[in-house]
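Each of the next two complexes has chain A plus one more chain, namely chain B in the first and chain C in the second.
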Partner chain A sequence: MMNTILIWILIPALLSLALALLQRFTKLSIAVTLLGSGFLLLLAFLMPEDLIIRLGSRQFVFADSYEVFGRLISITKANLNLVGGLYLCVFIWNLFARSLKTSQWFNALSLLIAALWTIALAVQPFLYATVIILLIAVVSIPLLSPRGSKAGPGVLRYITLQAIAMPLVLLSAWMLSGIETAPSASTLIMRAAALVLSGFAIWLALFPVHTWVPMVAQESHPWTVSFLLVLMQSSLTIFFIYFLEEYAWLRNLPRMWEVLRWAGIITIFISSLLISFQNKLRRILAYFYLWEMGYALLAIGLAQEGGLNYLQLIFMPRILGYAGLSFSIAKLEQLEPDFDGKFNALPGFFHRYPVISLVLVTSLLSLAGLPMLASFPAKRYLINLLPWSGYGMETWLSLGFGGVLIVIFRIIYQLVSPSKKEIAIIKAVSISEDAIIIAFSTILILLFFIGGFFPTMYSEMFKGILAPFEKILLIN
Partner chain B sequence: MAFFIVLGLLILPAFIIVIIQSTKSRVGAAWIVALVASCLAWLVLFLLRLFLPLSLELLNWQPAELFNGTIALRLDYFTWPFAIAVLTLCVASIFTETTVASKEDSSPKWVASLTLTALTLVSLASANPLTLAITWSLIDIAELFYRLRSANPNHSQGSLMRNFAIRLLSTFALIFATAIAWAIQPNFDLNQIPSTAGIFFLLAAGLRLGVLPVHLPFTKADGEEAPITYLLQLAPVASALTLIAQLPSDFLTLNRTLFVLIQVLSAIAMLYASMMWVSRKTEAEARPYWIIALSAFALQCALNGEPGSSRVWGLVLLLSGGLLFAFNPPIRRIRFIPALGLVGLLGLPFTLLASGWQGVLGQSFSVVSVVVLISHSLLVIGYLRYVVEATGAVTGLEKHARITYPLGLIVIFQTIVLLGLIAWPGVLSLGIWWASLVSMAITTAAIYLSRLLGIKDLHEDLPAKIPFYRIASPIIRAIRGFFSLQWFYSAVSWLYQQTLRLETFGSELIEGDGGLLWSLVLLLIIMLIFASQAGLG
Partner chain C sequence: MSEIIVFIATMIGLLAGLLNLMRRKWLINVFGLAIQYLCIFIVFPKAEGISPALIKIIVGLMSTLIIYLTILSSGAIRRDPFSLKFTAGELFRGLSGAFLIFLVFLVAPWLSREVFPQSSSSSLTLGLGLILLGLLQLGAKTEPLYIIIGLLTFLSGFELLYGSLEFSTMLEALFAIVNLLIAIAGAYFITKDLEPEKL
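What follows is the complex of A and B.
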């Protein structure tokens, strides 16, 4: 009998080990990673509900749990949608990792990181995941600071904060183990709640402990950063819902859901405000991560109104948005060696690199929630879920769009402004967009539009993610 | 289904023209294709008048309990007249294009005209806010890339971006307006907008039209080589006008202060734009003010609780404006044709505009009514001025252009007449007959006065002929500066710069060496605030 743990954790971990040895053979390494992640994602999405694959008269039955050192690791069909999503990211990001000159460890470590996130989401008791999350941060270091380059302050801050967050969450859980029935207003519960929320605030990089995100984004390769961020965001939000599901004392705290909604709104507003003042493309990626985190929190906070449905709906648009944004930034940096990432260096790029510019603009507009693009359906319905009866959350949310739109207009304006260089040079360089760039960009833009017009397609992909959270869903 | 035929007749020829031109340049064939297809579409759309209202569901997002939204179209008495007007402009633009003697291939313009018209028709026929938001975005993106494509890469694109930014803001304003209405009535159509949310829809439309607050839609992108067609200027505003026409009639009765505020702002926009319209150097320069002024008239109708009446002002904006703007090159011999546009503009009884007076003047005569009448007469004066100033004597027109050019203009005129008869039941009315007479009296007096002062060229002679002009000039400039709201935009820019400084200081502090500690201290403070405010401790 086969086992889901074996397939989605052990195999990628072993592949990762093999790839670490094969890293010098670039093409082979890429091929193995793409085949491996492609197989894993397809199997995850195509796996039947009963975990039995039938090929003619033969049946392959998959067990969904495995015990290791007394701890249970379980990957059910409900988990598989998210696991498939993680390997989808591995597949997409590995398509261009080497050509974009990321770390030579990318192929190996991306698979390992996906496997580690899978463990984090599958381990029981789930508190052990906190250690795995710190481990992921440590494993990310070679990607964020490739060999030969000095680890920047952002990476150090990232590791430090992850290390601070872990004990906060662990402490809170240990403090309250076995007192599920305590009154919800007891001092012990209040302290535990403050600790766990602080821990998650650090993990999720909420204001004001968000600083590592723009710092890391500035220091490290955008393609690598976006990969780590998209995995982290998708997994951590689900992990947070696990907490709410498992701990009734946390879930039943007075005004807990309202606090979460406010946390989401404030994150949206502050990230939007901060993004409007940025003048470096790499940092835009970081602030969009925070902006998306705000929406994720808002969706969780609106769980009672059905907000979690839109959390699953936004996964795919977010993956596409980050991929498009980081691809265009990385490609522009690669094609223009003098480009320092500042907005004022962008003039003329629209005419020199029309396709990449188009991807950049479309990704930004999609993440902002422009109608007809992928993020719009989820964001629209989340906005509609708010009561709109006063001037509180709604006003801040509306203002939260302002900053994002300002930065998008600034970027587009710079892109279409005339180049300072000679026209002759422009013409000479304009052939730099090869067929691969054009093909990938076209597919990406098409996927943005598909998401905008046919959101059902993306919602179906991650449909089962919410199935394990019966207690939260019962609140509705 | 028939509406799809109209759209198909616009989209398919656009593709055909692209294919024709990609193999071998056959401009004549491309023009014929564009002309025949647009004329057929025009005829089919006219026939659809017999079958109104028509509904069409394009996409239904599933599962319904998750999305609760459909992308649907509806053609009724609110949307059909605008659809006809836009399609008429498209037909006319292709007819009149024959006068343009250019070495460059004009077919991309026809492709753009056909595609933009098709998109605008879909936008006009949007049955619900979801469809409207999507089509607004689609039009804005399409227009942006078309203009960027035709723009000179060596020129700044400031005005282009400003225009795009305002349009995008209006789309987001529409999304928020929808959210407000959603809280009262989920999944509603545009003809069911809840009264309490009406004001937010009005703001979204006002923003898109350039009225609330006053800002100029651009005439052409900086460095754009070819002059853009009037279709590209007029068509995008049409869908905002249909939105106004469908607003609930009682949406401002509850909040008197807000009503007065918006009415005053709208009246200022109307008067300012009318004054600018009459006083610009050229008609091309004055075009954006025409759009703002007549949009403000449409807004006034909605504010007076008669949004349906706004339709005629919107149609005048498109058709009378289109007739004047299409008169390029301005040939002296046939300037009586654009002058026929006054039939639509004057508002005489039993003409198209007659039914619009009631809406714009409201139930009782007030200061705003005076502003309305003065603004209207200024628009008429300006219109007359640009017609009279058409003194070109183009002689080198090709034979076919001598027929097609006036024909294009006549198509617009006859649509004005036809819509005055059949646009919707009850359009042919006496209206408030004295309003048009008062407006005409003001116009006549103004013309007589200018003759008396010896003003022949309004733009050149006015400063010299007005008594105490030197004293009045700075006052006029100050008033113009105030109305243009440049001071407001400068204040916003100043505030942005100051906040930027603060942000830079904050970022340096929080991302510096001691930043980690600052972050944790701030987190602690926030947790304490949350704990106390949210009842966590």
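What follows is the complex of A and C.
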């Protein structure tokens, strides 16, 4: 009998080991990664509810758990949507990883990181995932700080903060192990809640412990950073919901949901305030991560009103947004060796690289949640759920939206401005954008619009990610 | 007799952590780290047998060895002449560390009574002391080598504290992997920083 653990954890881990040895054979390495991740994502999405695949008269039955060191690791059909999403990211990001000159370890480590996130979401008791999250951070080091570049302070701060968060969450869970319900105001509960929420605040990079995100984004390759961030964001938000699902004492804390809502709103506002003052493209990616995190927290805070549906609606638009944004930044840096990433170096780019510029702007507008683009249905859905707060939440959200719009219009203005050096030279057809760039960009822009007009197409893919959270959903 | 040994190990472990925080002499730091792990082995609770404590010291010494051999083979850091003179920074870090250790001794009885009744006072004192000294090191230094030593100190303190609360084979295995990978990451940073930067 086959096992889901074998398929989605052991095989990618072994593949990654093999790829580490094959890293110098670029084409083979890419092919193996794409085939492996493609197979894993397709199998995850196509797996039937009963975990039995029937091919003619033959049946392949998949067990959904495996015991390691006396602990259970379990991947059920309910988890497979998220697991499929993780391997979808591996597939998309590996398509261009080598051509965008990321680390030579990208193929191997991207598979390993996806496998580790899968373990983190599958291990029972799920608290052990805290150590695996630190493990993922350490494994990411060669990607974030590849050979040939000095170790930046951002990577070190990232590892440090991940290490600090782990004991907070682990200790809180030990404090209340075995306690399902207790008086919500007891000292023990308050102490454990303070620890667990502090741990998650560090993990989720909430203000003021967000500083590593822009630092890492500035130091490291945008394609690599976006890959790590998209996996981290998707998995950590689900992991946080696991906590709320498992621990009644946490979700029954007085005003817990309101606190989460306000944490989301404040994160959105602060990230947009900070983004509006940025003048480097790479840091925009970081602040959009924080902006998205704010929305994810707001969605969790609105769980009682059905806000968690946002997470399944946003999954694909977020992947597309990060992919588009980081692809365009990385490509511009690659095609223009003198480009230092600053906004004031952008004039003339729209004329030289119209397709990449379009992808950049469309990704930014989509992430911001503008109508007709992929993130709009999810963000509109969430804003419609906001309870009446005397315009309090709406005001901060609007201000937050304003900040993001300011930076997008600044970028558009710089892109379409004529270059100081070559005002007269406006080429009708760009010579630097090859067919692959044009094809990928066209598909990406098309997908942004498909998501905007037919949001159910994407949400159907990830509808299962909420299935394990019955207790939270029952609150409705 | 064994209580006296455990107490002495606690004190030496804290002093080793303090030394690592103060001085920037790689040989002293690596030696301090090894002493730290030895003290953790002595203090580590033996309720589940000696094997968890053995795992800690083996993994700890392996991590120390990885860092030591990398520094030695790369020639990254020259052998500095030993000096008893302290710089202003070293004095500051030393005093801050000493204050933290004092604080740990002050709050340990309350913590033992209110929060960690299962932990022995030596596990709690050494564990908490190393956590705080590691945190201070993480905040006070920026060079990868010292950050890695700070991380290992912080984690070893937490492992000691957590080991006195609950035992899990899987968690022990994960901690061992994390420690070794952090040491390898340290070695990676040391060798990487010696390579010429790609333009």
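One rule holds for everything that comes next: the second predicted complex is superposed on the first by the 466 of 476 C-alpha atoms of A that agree within 3 Å, B and C clash if a C-alpha of one lies under 4 Å from a C-alpha of the other, contacts with A are read in each partner's own complex, and residues count from 1 in each chain.
Everything below uses one rule, namely that a residue touches a chain if its C-beta (ideal position, glycine included) is under 8 Å from a C-beta of that chain, and two chains touch if they have at least 3 such contacts.
All values derive from a computational prediction rather than experimental measurement.
*Asks:* Who does A:Ser149 touch here: chain B (first), chain C (second), both, or neither?
*Replies:* After superposing on A, A:Ser149 lies in contact with chain C but is clear of chain B.
*Asks:* Classify the contacts of A:Ala248 with the two partner chains as first (chain B alone), second (chain C alone), both, or neither.
*Replies:* After superposing on A, A:Ala248 lies clear of both chain B and chain C.
*Asks:* Looking at A:Leu42 after the superposition, I want to know if it touches chain B, chain C, both of them or none. Which is it: first, second, both, neither?
*Replies:* Once the two structures are laid over each other on A, A:Leu42 reaches no partner at all.
*Asks:* Let me test your reading of the model: by the given contact rule, A:Val131 touches which partner, first (chain B), second (chain C), both or neither?
*Replies:* Touch partner of A:Val131: chain C, not chain B.
*Asks:* Examine A:Leu22 and indicate which partner it touches, taking first as chain B and second as chain C; both and neither are also allowed.
*Replies:* In the superposition, A:Leu22 touches no partner, neither chain B nor chain C.
*Asks:* I'd like to know which partner A:Leu14 touches here: chain B for first, chain C for second, both or neither.
*Replies:* neither
*Asks:* Please determine whether it is chain B or chain C that touches the greater number of chain A residues.
*Replies:* Comparing touch counts on chain A for chain B and chain C gives B.
*Asks:* Using the touch definition from the top, say if A:Gly70 reaches chain B (first), chain C (second), both or neither.
*Replies:* It touches chain C, and chain B stays clear.
*Asks:* Looking at the overlay, what does A:Ile450 touch: chain B (first), chain C (second), both, or neither?
*Replies:* Neither partner.
*Asks:* According to the stated criteria, A:Thr160 is in contact with first (chain B), second (chain C), both, or neither; which is it?
*Replies:* In the superposition, A:Thr160 contacts both chain B and chain C.
*Asks:* Could you give the residue numbers on chain A that contact chain B in one complex and chain C in the other?
*Replies:* Touching chain B and chain C on chain A: residues 153, 160, 164.
*Asks:* Which bits of chain C are touching chain A when the two form their complex?
*Replies:* Touch list, chain C to chain A: 115, 131, 135, 138, 142, 144, 147, 150-151, 154-155, 158, 162, 165-166, 168-171, 173-175, 177-178, 181-182, 185, 188-189, 192-193, 195-198.
*Asks:* Sort out for me which residues of chain A touch chain B in the complex.
*Replies:* 153, 157, 160-161, 164, 187, 190, 193-194, 197-198, 201-202, 207-209, 211, 214-215, 253-256, 258-259, 262, 273-274, 277, 306, 309, 313, 348, 350-351, 369-373, 377, 380-381, 383-384, 386-389, 394, 398, 401, 405, 409, 412-413, 416-419, 423, 426, 452-456, 459
*Asks:* What residues of chain A sit close enough to touch chain C in their complex?
*Replies:* Against chain C, chain A makes touches at 68-71, 123, 128, 131-132, 134-135, 138-139, 141-142, 145, 147-151, 153, 156, 159-160, 163-164, 166-167, 170-171, 174-175, 177, 191.
*Asks:* Considering only the defined contacts, which chain B positions touch chain A in the complex?
*Replies:* Interface residues on chain B, with respect to chain A: 59, 61-63, 66-69, 71, 130, 133-134, 136-138, 148, 151, 153-158, 160-161, 164-165, 168-169, 171-172, 175-176, 178-180, 182-183, 186, 499-500, 503-504, 507, 510-511, 515-516, 518-520, 522-523, 526-527, 530-531, 534-537.
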